[in-house]
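Several structures are given next for inspection.
Look for chain A in each of the two complexes below; its partner is chain B in the first and chain C in the second.
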Partner chain A sequence: MKIIKLIPLLFLPILLSAQVEQGDVLIKNGTVITITDGIKENTDVLISNGKIKSIGEGLAAGDDVRTIDAAGHYVMPGIIDAHSHIALDAVNEATNVVTAEVWQGDALNPFDVGIYRALAGGVTISHAMHGSANAIGGQCQTIKHRWGITDQYDLMMDGAPRTIKFALGENPMRVHGERYGLMPRTRMGVEQVFRKAFSEGKAYMEQWEKHSANKSANAVAPEYDIRLETLADILKGDILIHCHSYRADEILMLMNVLGDFGVNKICFQHVNEGFKVAPELAEFGATASVFADWWAYKFEVYYSTAYNAAILTKNGVVTSINSDSGELIRHLYHEAGKSQKYGGLSDNDALKLITINPAIQLGIDDRVGSLEVGKDGDIAIFKNHPLSIYAVPQYTIVDGIVRFDINEDPADVRMDIDPEETAPAFFEQGGHDHDADGCMHGVFEQLFEKH
Partner chain B sequence: MKNLIYIFLLILPGISFGQQIAKSEQGTFLLKNGTLVTVTNGTKKADLLIKDGKISAIGETINADNNTSIIDCTGKFIYPGFIDSGCNLGLSEVGSVALTQDYNELGSFTPHMQALTAVNPNAVAIPVTRVNGVTAVFTKPSGGRFPGTGSAISLHGYTPQQMYAGFSGVIMNYPSTGKRNRWDRRSAEDIKKENDKAAKELTDVWSKAILYARIDSAAKASSKSKEGYNPGMDAIVDVVNGEASILIEVNKATDIKAAIKWATEHKLKAIITGAADGWRVTEELKASGFPVITGPVLATPSRNSDKYDTPYSNAAKMQKAGIKIAIRTNDTENVRNLPYHAGFAATYGLGKEEALKSITINPAQIFGIADKYGSLEEGKMASLFISDGDPFETKTQITKLFINGWNVPIESRHTLLYDEFLDRDPGLESKK
Partner chain C sequence: MMKKYLLLIFLLAPLIASFAQSDEIPQITNKFLIRNANVIVKPGQLQPGNSILIEDGIIKNVGSNIIPPFDAQVIDADSMYIYAGFIAGLSHIAVPSKETPKDLPKIKNPGNPPNDRAGITPEISLREVMNIKDKSIEAYRKQGITLSHSVPKGRMLPGKGSLIVLNGASVDDMLIKEDVSLFAKLSGASGMYPGTVMAVMSKFRDLFRKAKLAGNHEKTYKSASQGVKRPSYDKSIKALYPAVDNQLPVFFSVEKTRDIQRALRLQKDLGFKMVPSEIKQGWLNIDKLKSQPALLSLNLPKEIKEDKKEKKKDDESEETKSFKAKKQKAYDQYVGQAKLLNEEGISYSFSLLNTKAGDVHKNLSRLVANGLSEDVALAAMTTNPAKTLGIENIAGTIEKNKLANLIVTTKPYFEKESKIKYVFVEGAKFEYDIKEKQKSSSDSTAVDLSGVYNYAVEIPGMTQTGKLTLTKSEDVYTVLVTSEQSSGDPSTIEDVEQDGNILDFDFEADAQGSTMQVNMSLEFDADTFEGKVSVGEFGTFPVTGEKTNPKS
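Presenting the complex of A and B:
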């Protein structure tokens, strides 16, 4: 047990180095959309030492503090994406149906231009997720878009709760069932993968509890297993579950399994058929992170509706809109606007889908997701209302540092350039992948690519 | 008995009947007091009469007879239906299920594959698309050098022939020197080798095609029948002769230049499609006189070194250089987002008016169907919609939809699921 207690110490240098740059900014005369406290016209926001120090009229700061004139502009909390795969070198450890031990924090890539492109869409925080190849995938990492830093660990949002990726349905079924001939090949099998893993995690937890209670000097410790240790942490409620899911039946299944093991912290991701079981999701206290309008790219999303976010919201489910895509992450403000076309959400309810609600789902709503004194200085400033098609992000601020400024926006922002590349690679364009969601990144390229 | 059926039809929308969409109705409709955004003749308050499938009159005050249904459009806007100038709509039902995909036949030279043959008039995505104001699309095959022939279709009808909107064009994928995607590990040398090979194959195919076209016209002149069966060559004879359109998909700057040179040398009636790098070669595109169908606008830049807004601003840069442009989604199930692709282009330099043209009159002109579609004008087909605001704005609702004069219900799988599940009954088991 002592060894386990020491393990967090190993990470201490990392946590200490995560004390990244924090800045001061004064934003003058904007239309401030606080999300939690209405809209304030002609109002200033002062960020000091990376935190919101005050919101009010006629605020002043020292001469050395950068001042942004936001007259005629909209000032809102930095947008939060609860499902993304940008800034990652690897996404899927598709070698076992349970890989709870792996962690996206080990695969962060601060040089991905996707980070800058997300900033140019007002997004300050994203949830760098493991893929959906495995029923119990790896642990994820909530990151701040501190474009310009070079230490991968400086991307991490220090203090953000641990999260883990689960996946139901077609993806684990085809990777493990179809490809390897291992359970699960069906949604029945998926349930049993969870029950087995949780039972093993529970037994492991109990062994260690028994051992800790044993005062005998001769007591032999159980074998340490980082996978089981992680499963035990899930059962203890120390790790938030984010579960890739589509169909109503599998969503109900996982809530039943979690209920049996006394776990209640879960955000269903994608959850295209969440609208069918919205009352059950609300009763369980589960949250939902959805696409605005993606559907029909695979069979399990054929019976979808773009009204999903509105139905879930109106049934009392805390809902967010995510990207799962390096493309969509650049205009989540527009994606949120679709909840007004499809279901008539109010401006504030629509903006909550990309601010405070994803913050709740990531367990960081005490820090970000609204403009309140004491919260982090993460802000997006728009020309035109952010839900309008004519909205243009002007500045994106992370911890009081301006990380995107439309007036100082070089054509080529790359920090990591391949010296052997004579001309930058050109990638043929298309729509989104028609046969996969972003969660399968890496799996098909590594395992299934036909040469 | 007939009356009973009508009563039944009236109450039908209230019943969830296995998720069926209500029938469209045809007739004479007078749209009163709307703001007409005609595209070709400005914006004005006027009445619009729909009769025999066409816009039969536009005027300050039009009187209705007894057989005319009057639709009050006070405070509302009337737009010509939007046209997506490039997509796979109707050719794919479920993205990951290969057997539901009909846009990619085997082989590299298959210009005789007809998209119109495989269009499923009952594809679930069609109503989903049209309720957002998209009334026609150019749906096309893809993959291979000459994957087939695409067709413009109206998004209403029960057979492909009923849907056909009067234009078909051969698709060509010009040899590319770009990477296929981010995981394309081919070296620059390998890409060049493959491109050289593709260029040589193209030269060979085209010399054969020219020869075939000569034989064809000689045979026609002497009214002799040609020997052998060669449907591929037959499909491109008119293209070789410069009489039929060829849509050339090409995206990288150097490839666009090469494609322009090739099409010009062969005196083709070319339409450049894709053109992700169009903004880099505006001079060459302008000089060629070829129109450009570009998009998707909502796309990531093609190079890591490109500015984040490159795909947003590309259309504007080409339009400002004097090139005729149309905007496409290149999508399947989300062709409904066409107004947003145009809206982003409008925001990033194109402006509302030109953006509107790029999804109405411009594609109609490029496809040679502007006598029927693309604007609100007397005599054109009544493919239009009524909205409560600017249709580029995300929150705007479309309240009525007409396609070729048919009053099409604003219903799709997505709206029907909303109606059924917003207040689900029974709700929670435990509360019953």
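Presenting the complex of A and C:
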């Protein structure tokens, strides 16, 4: 009897990490935009158990498999947003200039309607980022838009590499320098914050290496420190850096710092002056995730151009277009289209900005970002070409499960309603109506503060 | 002398409605025979015509033919019902609200505050913070709570819980088992690290791993006798050893479904013994709650009442209709959780961290009205918490040799007219006046709430404070809101709705050029209030307040 009681306990860890639902879908006769293997007319895509099983003509599946008639429609990989703050209960731990240890995975909210809105824009994956209040913010989490699930940890894309948010310039200076009178008050100070943090992380790593080599019975482990542990992981290359940045001088500064500490995995976010240092970015192997045409919301973001994405791309920098907003995320395909007006990118290069390129930046390009056999069944189906101004998303599929269907699109999709809620309609998240970028979300309490 | 007391009692009776024994009048005997009652020895087991003999705080006998000792007080309880005294699985009973000292030194670096300011005080034992004169003891006892697993108040790690009986002349007297648990929450510190839930999660991992290594260090130090670096002494880290070593269960307050998931994640990462507590939204995590005892919150959402104003509108929009249906469904899930979890085989008790004493009977009855069986409801207040807290041998049922913790009611507990006549706590008798309330307060809008209140809005990472001035003229309220954090003009609100002791109003607040819609819904209780503030798109936050100059 005792053994029987123990069995559930033994299986507990397995239950907790149970696989999330995977599905089967057959998409018939669409114009399939593969991104990596051209465009295939009148082609079927079969997703089986969450993965793309085959791409070809005349594919068949069992009667119980949902079939979508995509004749006249465009079938493309699910759109990936390398910079967003949807589905989050907290964005900024603005209390310290280095908070490498905090993790957005602990603050996910599967009930955020923003997930559904993103799906309605064909977006299947987003990078749920920490904000830019701190020079070294928290670790981010790549999530799949599995709208309908209720366990926050099931939003995580299993196996996606760890990522972390860094921030340059005015945001950390304002929050820590102006507000608290602490470092950094200047851009020079921001650099020293990185150098100090990395040096401490390095010392911590060396202490532990020394300890593991010590075979003495009386050896005492160094004091554990989750923040230094995380910084050490960055130095080891286990965590990809995504850095909020605007000015070219600061971008060069951070590449110098990283070079000094032997770190090379970095994606610059916003990077509005990236066009000035595109060859340097390419040489370092840095990537760039930009807005299509959004700037001048604060002093350091005046010098910008809508040609940024095209210039970076043509200089060999892997570039993506992101939303940083619960509103822009609904039409990233349209944002990508702007790179054709400004810079004349080809259809495929423009679509790469929202598919395979962000996948590369998140380290998940072996799984998603293009339509290839064996990749995840994450797909967006459009009426009209996705880069057309008339494009309308019809179906959005995640892991072979249709999570958005324009034909079944209820007015109120909320899943978690407060039984004491009084207002029938609500607006959960702001878009670009702030005077700053979405990265400062959660620092709103400052609004109430005396300056 | 006696006459004087009687006169006093007579004068006070209409004011305080009930009267329990006071310290000045010692109990005459410690022996009682409660005769000829319907005894519910445990949920589902009713024994009519039974008597209970109490001696020295212990149930000496339960039976039908007990001859009372000569010095016993005999209570004729014909037609009354006797239940085992209720046990609060988790509560703040006997713990006064912390007053924030006004002269606290300013934190210069909010990134690295001292532990006590950050809400990390696992070393605090209940005895250090409890007060035997705290009003909550009498308030909950009157509702039949006789024993409580009480925990300190605070943020992420407020301290250690102890078991107390709800009567006693000293702290030592009340404590029956000390330091039985570690109490944990996901609440961040105010304006300093850890401010957000993600930092709180990281801090838990940091502290538990630090404690694990520090414990090992201490063992090495002791066994080596010399030559090993002396371990540093950190009282907070040291207080975590028993939890890290799986000796002490962590009672984790996890109201919403995401809180439950987060606490389970920590448990998975750090491997401690946990009792998920104060659960309000457990139906989405049924499978994960099955492996350990759980405590459900007895705090339920307000009942949905049809708004008088809205009733007039015949042309209710589709949006409003659909919203109302969704809201009703959500409400049904909250009040149906206890029934559902029982059907799913989850054994639980109730925690009262956020349940007012006056709501205990009302909310237990609401759960029963929503399908929970009376026996399960009773078990969750008696036998189940006794088991979870490891005190089955002394509490939870009416059996010989257990603590004489009893509730005597005029009718079966769940009948509407049922009133509690006596509560026995370890043999001490408390008698309550069961006269019907006078109906003078039927016109609920007549309650005058005007005055100046200090309010505090708990926004993660920062508490917003200010003053709320309520003025009333000809039954119409005007509210003036000022903020200590904002230099803007105060907001004046004239459209204030009152429903009994609840005030509801909307206003626009100026936040550096942009306007935010703010709604406040406040429930007043004497000189204090609590409620919610909805701030535009930013969300809803709890608010509490206190009159600056209370009448009493």
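The rule is simple: the second predicted complex is superposed on the first by the 417 of 451 C-alpha atoms of A that agree within 3 Å, B and C clash if a C-alpha of one lies under 4 Å from a C-alpha of the other, contacts with A are read in each partner's own complex, and residues count from 1 in each chain.
Methods note: a contact is a pair of C-beta atoms (placed from the backbone, for glycine too) under 8 Å apart; a residue touches a chain by one contact, two chains touch by 3 or more.
Bear in mind the structure is a predicted one, so any value in this text is a computation, not a measurement.
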For this session: Examine A:Glu283 and indicate which partner it touches, taking first as chain B and second as chain C; both and neither are also allowed.
Result: first
Exercise. Of the partners chain B and chain C, which touch A:Lys341 in the superposed model: first, second, both, neither?
Worked result: first
Exercise. Which partner does A:Asp151 contact after superposing on A: first (chain B), second (chain C), both, neither?
Worked result: second
For this session: In the overlay, answer first, second, both or neither for which of chain B and chain C A:Thr422 touches.
Result: both
Exercise. Between chain B (first) and chain C (second), which, if any, makes contact with A:Ala107: first, second, both or neither?
Worked result: second
Problem set entry | First, second, both or neither for A:Arg414, with chain B first and chain C second | both
Problem set entry | Residues of chain A contacting chain B in one complex and chain C in the other | 411-412, 414, 422, 424-430, 435, 445, 449
Problem set entry | Residue numbers on chain B that touch chain A, as the complex places them | 92-97, 124-125, 176-184, 188, 251-252, 274, 276-277, 296, 298-309, 311, 329-334, 336-337, 340, 343-344, 346-348, 392-397, 413-415, 417-418, 421-422, 424, 427-428, 430
Problem set entry | Residues of chain C that touch chain A when the two form their complex | 108-112, 191-199, 201-202, 205-206, 209-210, 212-214, 216-217, 220-221, 224, 227-229, 257-258, 261-262, 264-265, 268, 284-285, 287-288, 290-291, 301-302, 304, 317-320, 322-324, 326-327, 329-331, 333-334, 459-462, 464, 483, 485-487, 504, 511-513, 519, 521, 532, 534, 536-538, 540
Problem set entry | chain A to chain B touching residues, read off their complex | 113, 116-117, 120, 170, 275-276, 278-280, 283, 293-299, 302-307, 310-311, 314, 326-327, 330-331, 334, 337-338, 340-343, 387-392, 409-414, 422, 424-436, 445, 449
Problem set entry | In the complex, chain A residues that touch chain C | 8-9, 12-13, 15-16, 89-90, 92-99, 101-104, 106-109, 138, 150-153, 180, 182, 218-221, 223-227, 411-412, 414, 416-430, 435, 442, 444-445, 447-450
